[in-house]
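So that you can tell them apart, the chains are marked A, B and C in the order they are listed, and the count of residues begins at 1 in each.
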Amino acid sequence: MKAYLVKRALSLFITFLVVMSAIFFLARSGADPFAEFIESDPRIPPEAVERLRHRFGLDKPLWQQYLDFMVSMFQGEFGYSVTFRRPVFDVIMVRLPWTLMLLTTSIVISTIGAVFLGAYAAWNRGKKIDLIGTNISLFVRALPHFWLGMVFLLVFGYYYRLFPLYGVKTSGIEYANVFEQVKDLLWHLTLPLATLIIRQIGMYTLYMRGETLEVLGEDFITTAKAKGLSDRTVLFRHAVRTSLLPMVTVTALRFGFMVNGAILTETVFSLPGTGRLIYQAITSGDFFLLQGAFFITSITVLIANLVADILYSHLDPRVRY
Amino acid sequence: MALKRRLTDWRNRLVSSAFIFRHNRAGVIGLVIVLFFISMAIFAPFIAPFNPYERIDRSLLPPGGVYLLGTNDMGQDIFSELIWGARVSLSIGFTVALVVMFIGTTVGVVAGYTGGLVDEVLMRFADIILVLPSIPLMILIAAIMGRHNFYVMILALSVVGWGGLARMVRAVTLSLKERTFVEAARALGASGGHIMAKHILPNTAPLILSSVIYQAVGAMMAEAGLAFLGLGDPTAKSWGMMLHYAQTAGGWWGANGNPMWNWIIPPGLCIALVVLGLMLVGQAVEEIVNPRLRRRR
Amino acid sequence: MPLLHIDHLKTYYKTLRGDVKAVDGVTLDVEKGEALGLAGESGCGKTTLALSVIRLLPDNGRIVGGSVFFDSTDITKLDSETYRKEYRWKRMSMVFQGAMNALTPVYRVGDQIAEAILCHEEVEEDEARGRARELLGLVGVDPERASSYPHELSGGMRQRVMIAMALANNPEFIIADEPITALDVIVQAQVLHVINDLRRKLGLTMMLITHDLSVIAETCDGAAIMYAGKLVERGTVIDIFKRPLHPYTQGLVGSFPSIRGARKEMESIPGSPPNLLQPPPGCRFHPRCPHAMDICSREEPPLVEVEPGHLAACWLCEGG
């Protein structure tokens, strides 16, 4: 099992290196990173720009830059964001918690929801409840993330005024205590989270249902029933427990997909997250920021994959290679 | 003679497939939805009352009267935009699906058949594509290529889309490789390229065809997301881009501070319906191709 | 009263093309302490009969007529909760056909046996685990294997674990459905030995389903032969092998060289078994029967006791 995990970790690390190199070269294959910056702000004297170039090593040969880049990335030195006028690391760290919170909360809740709903639908295959459930999830799967968010915003934000329209906190508010603060935060995050969770439940419920149906046809389910276990025990302890394995793999694979969801949702609800940051970095040509944001996103996704691998090897005794 | 037999064989298969399909009510409904939108795309110039790229009245008019869904911030008819949007969204979706099919199949067959280092490298790339979030990758590609272009969209969408298909085709190829007819062809001295093209490819065809529909779904969804972020081609407005403008140019405040549901709801609903239709068709096709799935219902 | 009395049992499977009459009016007794061998060609309804008794038919299977009396209680009339709690695994259990995949892959085999014990008895978990280990020992598996996962065991070991699991709650009656078919020859002999041994030690009543007549000859007291959803003959092993009455049985025994001889599959009767969607009228064997008469294609022969304890369903026997 250890060997398996080491192998997986190594392969993820290689993936990571490839991705980072790709980003390095892609980002530099465009225009001069500082050109746009200069264009957009003619008041900056050329000497200052040159100084900056020198300071960030942009006057060195490309291979030198590449090596420096790799080394400094791992030291957490992502360079300087020209749009935010602050070190990239600081910009990212302010925003990362929001995205992580959005992602982990929605992944956990939607996975649990999908496991239960999918298993329940599979157990009741062909019955009315199953048909209704499958059709609803199919429809939810067809809804674009961001549009679902817009509809929520329109209905619950504008028309019913139940939830705020943007941001993560009421502006200008002084919190009396932590409880107030958490309440305000949850109030702001309800709609974005609901968007992400509902969409993902729609996707995974069908998947879980399929996997559970497959498992329910296996011989060991007959054995479990034969032993005299109750339906619930057969379903959860034997069928669901076994279908969880492919579910874990898929959740890991879909982590990248959820980052997409985060970017779009952060845009709709104007949340100060990393997803939105990537978009801003690219559109404003702020390439240190871009590298940093990509670094963090890739690392997050790859770590999530590694966690899934570890979880998998704990859940499946057959993993021994 | 052989050709004729092959043709009748295909026809019989098609007829029996059509039979199964007809009995899948959801599939038929899906097909009707998809055909509806395809005709909308084809006949857009005849259906749409106005030119969606032309200012025809004041901005941000409410729905009703001459303008079924009102006008946007540029004084363009939203209903006409919606009709024309079908063209862009569908053509991007299907084009990308075809490109992805081509890349994914080629990579999958080559990796599976050749094995060794080639396989290892190709699959590592497929994994990277699969694991990484696609939107940042696409934004990056679009940004590098200069973003205001229909073809760049297709390129970006295709680059991020082929991973899953390649893996699937590779798996099928691996199992086909062991089968007797392939071994026989190899024993007779057929070249690798010949075997891949003549023996392996035709046998992966049903699987690929059914997955193409899902590729189109994925492409349309991704296109909508990208366009929503403002990375679409402004001279070819898709539904996603309509939502981008609704989000950034007045959909939320309208002419008098009220949000314009008539601008926000319809484009997304169209995307959802087409995607739903395609998924229903995809399911039905999958059941024909893979009878084991029929049990699942 | 016999321990198990199956009375005109009919079990059908609903399919798109109609009802498969897999068990169609079978009457069969198993005496307390008896080991009954049940044989018949593939697809004749042996497994279906067993699953009807243990009430684990697949979703599309239904008992449409007849009853099953276990210790004088009609278990087909019991509600499923009572049956689950009081009968299945507690008083009768089953070793399933093709048990290679019959253990849940994610749990240790000892725990899976213990689960059966805990389900029916008020005991501590530790005690149940201890008993699981004892059971493993009983079937000839190293008790240390209790902490192995199914994939770590060989096919023969897994089959023994299944037998141990069937014994977990000290049932009076066990059905073993082709317990050795999927194993290789040496392991077959070992598992068969275990079964034989246990039966003597524990005084079990048993129904052994198999393709292999020599297994019945070696292991069982009584034998029953099924053909196309019907019971065609029932008697002691000696009756069946020495004085087979039904032409189908005669064919089977004839194609089976000798009791001590090499094992052989039953396949030498010309023709193939009928489609159970629309079985032929009259005696179901008549299209293949060398002695077929007029009446055979018109009327179904009843099961009659030709000599004490030896029953057959054939018009030939009816006359004399």
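Here is the rule we use: contacts are C-beta pairs under 8 Å (C-beta built on N, C-alpha and C of every residue); 3 or more make two chains touch, one makes a residue touch a chain.
All values reported here derive from a predicted model rather than from experimental measurement.
Student: Which of line, ring, star, complete or other matches the graph of chains that touch?
Tutor: line
Student: Counting only C-beta pairs in contact, which pair of chains has the most of them?
Tutor: A-B
Student: Could you pull out the chain whose C-alpha mean position is farthest off from that of chain A?
Tutor: Farthest by centroid: C.
Student: How big is the gap, in whole Å, between where the Cα atoms of chain A centre and where those of chain B centre?
Tutor: 23
Student: Taking each chain's centre as the mean of its CA atoms, how far is chain B from chain C in angstrom?
Tutor: About 54 Å, centre to centre.
Student: How big is the gap, in whole Å, between where the Cα atoms of chain A centre and where those of chain C centre?
Tutor: 54
Student: Give me the residues of chain A that touch two or more other chains.
Tutor: Not one residue of chain A touches more than one other chain, so the list is empty.
Student: List, in ascending order, every residue of chain C touching at least 2 other chains.
Tutor: Not one residue of chain C touches more than one other chain, so the list is empty.
Student: Residues of chain A touching chain C in their complex?
Tutor: These residues of chain A touch chain C: 218-220, 222-230, 238, 241-242, 245, 315-318.
Student: Taking the touch rule as given, give the residues of chain B at its contact with chain A in the complex, in rising order.
Tutor: Touch list, chain B to chain A: 124, 127-128, 130-136, 139-141, 143-144, 221, 224-225, 228-230, 240, 243, 246-247, 252, 258-259, 261, 264-265, 267-268, 271-273, 275-276, 279-280, 295-297.
Student: Using the touch definition up top, name the residues of chain A that touch chain B in the complex.
Tutor: 11, 14-15, 18-19, 23, 26-27, 29-30, 125-126, 138-139, 141-148, 150-151, 154, 158, 165, 210, 213, 217, 253, 255-260, 263-264, 267-268, 278-279, 282-283, 285, 290, 293-294, 297-298, 301-302, 305
Student: If we count contacts the way the header does, which residues on chain C are in touch with chain A in the complex?
Tutor: So the residues of chain C touching chain A come out as 54, 56, 84-85, 88-90, 93-94, 96, 98-106, 115-116, 119-120, 149, 151, 162, 165, 168.
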